[in-house]
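Structures incoming, each one as structure tokens.
Two complexes, one shared chain (subunit A), two partners (subunit B, subunit C).
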Partner chain A sequence: MTKKLLDVKNLRTCFYQDDKVIAAVDGVSFFVNKNSVVGLVGESGCGKTMTALSITHLLPKLNCKITGGVIKFKDQNLLGLDKEQLRSMRGKEISYIFQEPSTCLNPVLTLEEQMQEVVSLHRQDISREDRREFIIKQLKDVGINMPGDKIDAYPHQLSGGEKQRVMIAMAMIPQPKLLIADEPTTALDVTIQAQILRLLQNLKNKYGMSILLISHDLNVVGQVADYIAVMYAGQIVEFSSVDSLIKHPNHPYTKGLLNCLLDQDISSGSKLNVIEGEVPRADSYPCGCRFHPRCPSVFDRCKKEMPPIFCLDHSPQEVRCWLYSNSKT
Partner chain B sequence: MIKVFLKNKLAFSGLIIIILISLFAILAPAINHYAPDEIDIGNYLCPPSYEHWLGTDLLGRDLFSRMAYGARISLCVGFISVSIVVIIGIFFGSIAGYYGGKIDTLIMRFVDIMLCFPRFILILSIIAMLEPSIFIVMVVIGLTSWMGIARLVRAEILSLKERDFVQAARACGVGDVKIILQHLVPNAMGPVIVSATLGVAAAILLESSLSFLGLGVQPPTPSWGNILMDAKSCLGIAWWMSVFPGVAIFITVIGYNLLGEGLRDLFLTKK
Partner chain C sequence: MALLELKDITKFYDVEKGIFSRHSSPKIRAVEAVNLSLVPAKTMGLVGESGCGKSTLAKLIVKLIAPTSGDIFFENKNITQLREKEFRPLRKKIQIVFQDPYSSLSPRLKIENIIAEPLKAFKTERKKMASRIRELMEQVGLDEMYLARFPHQLSGGQRQRVGIARALATSAQLIVLDEAVSSLDLSTQAQVLNLLINLQKKYKLTYLFIAHNLSVVRFISDSVAIMYRGGIVERGPTEIVYKNPLHPYTKKLLASQPSLHKRNLSQNHKRYFNKPRTDISEDFSGCRFYQSCPQAKQRCKNSKPAFKQVSTEHWVSCFYID
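Up next, the complex of A and B:
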């Protein structure tokens, strides 16, 4: 028995566009332990969502394909499953929360109707008569006021925070082992954001599940995650526990991200730090290290060779950077 | 929503017209003291009077009674053929829209082929080959009119299936059939309802034309169309026989068109 619930190795997902093959996810490896939270952080367009969609096979059908790698969930390779097996895995074992709660609920159905559907799919142990009761309990669990009234509401009658809570309640119905939350707080304001994060953490402890939390905001992830994977241009550039990442960031990109966070000394009049430049487009990655055009500590080797992943001493801490080339790969 | 609808006077009057005509049809046995096929040769071609409100026809049958029973037939044909249209249209439209690719091309080219035939001539020739009856009329109208709805539904579903809630449903492990029936089709119903309402008017008109040509509802069963056919032979001497069924068809079609346009304003402009 391993402690790993989800183990992604060398995942490669490509877009096909006008005869061009664009690798949106290029050799991503990370793992999620049982009952832990892993944060996936990176700028927009670096492949966070594509990674998550690859895990659940929800990629756009027409022009997207997983071209390599292994995704092991509970020691079973998800890439080897057929369509039916995958469908029963989705929802039941792995739930997904999307970024925009307001567009993820069907506007013409009441909450009860939408949640009934999930209950009937994944919770055959609950009899037809008990379902309404169960749904009300689920809504109460995620902190919705007056769930008995809200259950008959249509999505447009709810606030943004409530909708996200409903999405979480729906995702929790099958009691999944892994919850993938794709920017669950981006569309919400800061106070609601904190509440939702706390809610996710409570649910994690209550049901003993794991969470893969995707965000562009290190602040958000730092609050709840146990491990953080930093993504840049389709690759994971640093993967380590939260403590060591924040205390000893290794990759120049991680350092840059941490520098960008708001510090107390904002009152001193100093300007906010930024990382110069922008994320390269997926069809025109620079050769060598993909971060080298923006990297403050760039040297010759970075421009020619793609760095492999180096494991540092205080493991598990992995870095994709030539600065650490004396460590073992 | 209902308030907005009530504000639209034209649509509301359309609804009133439809309710009145429906009541006229439903209450046919209660408001008539003559049966629609009660022949009274002595009183043939009586003009409207207290005894016979809308007069009598060539065989002395009460026109009011025949109109009321004819309304049942006409409305029935309208509803049932449109139901067939909606079911077939949603079926093909949603499959084409949801699965896309080759299935989509196949279905939509079939729709194009169907649309190439002049509909009325097609219906005429099919019915001429079969035995004309109410049932055949409804089915044939249904089978030859679904293409518009199929196109509408396909277009709606093409855009709906990219919406996040469909993705979310898929992430919950919901199957294709359930996604189509529970998530996509209800969201596409707005334009379908509008088009179906207008379709009822078209079907009633079509049935009347067919009956007028003798290929629709067969005598002695009354329908507005075949009352008109009878009226043709005595156009000069008995105005009531052609005017009343004509007015009835006109009013009903107007009613459905007004309602349909009202619903269109309600469903399709707000988005």
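Up next, the complex of A and C:
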């Protein structure tokens, strides 16, 4: 058995809009080791959420399709599974925390009612009588005060942080091996954000699960992740451990991002470094390297050919950039 | 001399009560006894968690709502009681940029008309209007071709530039930036921040920069005020407050700040997160941070700490400053 829990290779997911085919995710490869946290970072619209939805097969059915690649989970290709097999995998093995906690909870059900549903589906080992007790324990596990009272509350009676905790508690019920957390702290205040990040880290250590943490905020991801995948315009442009990403960022986009990161040490008055230009829209990606119109070190080849993924020496560090063309692909 | 001064500004909201309700309704104390003064051509940052009253304060300053008590002075003139007609000439000078560039621009107007609106409101001559709009577009770094477009055709960063152009249109002196860069991506956020700084230098603008992101505030502000549950708990020059925070809430905020270079959530802020928070009752007379404060004592529950001056411009509202 390998160390890899999830291994995504060359994933391609397309939107069908009018007559156009838009590749929202185009050749994405990365892996998640057991008991580790991988951060998926990128600007809005770069395909982070689409990648996560592809892994769990939760894409909008109407106009969206995975058109290529392999998603291996525990050495089993998820793309080859039928509906029933997928269903048992989803939720039980892979749990998902969606972006906005307030819209994900059913407003007309109490916490107990909505959590009962998950317990009855995924935890047949818990008898009907023990369920309430179990749910209270789960709520306590994620740090909810007075879980015995809160279990009968409706979502609108909870604060934003509490709602997010409930979402996490629900995702933890089946004891998943992999937790996908899509912007779990974006809607929260800094102090609450710190609490939720700590909670995720503690749960990971306690239950030995892995987390795929999706965020637009490099600072947030840096707090808890072991590996970071930087995404730009539907592709992962750099994938490496957090330490080497900070010490040797390779892709010009990563360098740019780190440069315009407002760190605590930056003093007022100085001019901020910026990445010029705008993020391209999914229906009009430039040809060649997708970052080339904004890249400070662009040369001819970048405009014509799409760079493949190059592996660097201090592995595992992968970069999609022609600057590293003498490394092996 | 301060450009804008708030003296004991207080805003209570009535909680809507049902028609048959016989009880006197409780009030929400959104902003309570806030004192602030904005120095011309400088930026003051206002930080606090959601629901602490930041936006209410912003609305009070631009007079979108009236205060329950207290006074607002603009250029040493008390504007609190001014009627709309008398206030109008001043409205030119006080403008606001809203948080969400998606909902603050009318989806049915072209960019040209959006920027023209304040100009029309203040009766700019039609001949001058077109050239003024082009000038504004140039100032915020937008190409003229966007004039004929609608907001939905623009990216978030471009939309926020339109919002800034609209605020600049009437040659404002004071601009209230209510979470103006919060919804933008990292690379665009940096661009807009640089734009704001350039504009400030060029036109001697005064900013009240409201945000929840501490590092952005540190970058752009000369001085900073920390707000908690309707009141200001600490204020002072940015570098002094960030390097030497005195109020326990400021310390908590700074400790929660995520950073790529400071990995593994610092143990230091663990002590701030043990206490649950419940809602403050209306007649609560103690320190507003009492319930979450790691060093709270009986005294904090019973009486409100006064605003104490610790150094020239550094003020803190806490009994126990170590």
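A few notes on this one:
Throughout what follows, the second predicted complex is superposed on the first by the 325 of 329 C-alpha atoms of A that agree within 3 Å, B and C clash if a C-alpha of one lies under 4 Å from a C-alpha of the other, contacts with A are read in each partner's own complex, and residues count from 1 in each chain.
The rule we apply is simple: a residue touches a chain if its C-beta (ideal position, glycine included) is under 8 Å from a C-beta of that chain, and two chains touch if they have at least 3 such contacts.
Just so it is clear, the structure is predicted and the values come from calculations on it, not from any experiment.
Aligning the two structures on subunit A places subunit B and subunit C side by side, free of any clash. Of the two partner chains, subunit C is the only one touched by A:Gln193; subunit B is not.
In the superposition on chain A, A:Ile275 makes contact with subunit C only, while subunit B stays out of contact range. More subunit A residues lie in contact with C than with the other chain of the pair subunit B and subunit C.
With chain A as the common frame, subunit A serves as the apex of an angle whose CA-centre rays point to subunit B and subunit C; its value is 80 degrees, to a multiple of 10. When the shared chain is aligned, no partner comes close enough to touch A:Ala229: not subunit B, not subunit C. When the shared chain is aligned, subunit B comes close enough to touch A:Glu100, but subunit C does not. In the superposed model, A:His216 makes contact with subunit C only, not with subunit B.
Residue contacts after overlaying the shared chain place A:Glu117 against subunit B, while subunit C stays out of touching range. Judged by the touch definition given at the top, the superposed model places A:Leu58 against subunit B, while subunit C stays out of reach. The minimum CA-CA separation between subunit B and subunit C in the overlaid arrangement is 6 Å, rounded to the whole angstrom. Taken together, the subunit C residues at the contact with subunit A in this complex read 49-50, 155-158, 185-191, 193-194, 197, 212-216, 218-222, 238-239, 242, 252-253, 255-265, 269, 272-273, 276.
Across the complex, subunit B is touched by residues 56, 58, 87-92, 95-96, 98, 100, 103-109, 117-118, 121-122, 167, 170-171 of subunit A. On the side of subunit B, the complex with subunit A involves touching residues 163-165, 167-175, 178, 182-183, 186-187, 189.
Across the interface of their complex, subunit C is touched by residues 43-44, 145, 160, 189-195, 197-198, 201, 216-224, 242, 246, 256-258, 260-264, 266-268, 271-276, 278-279 of subunit A.
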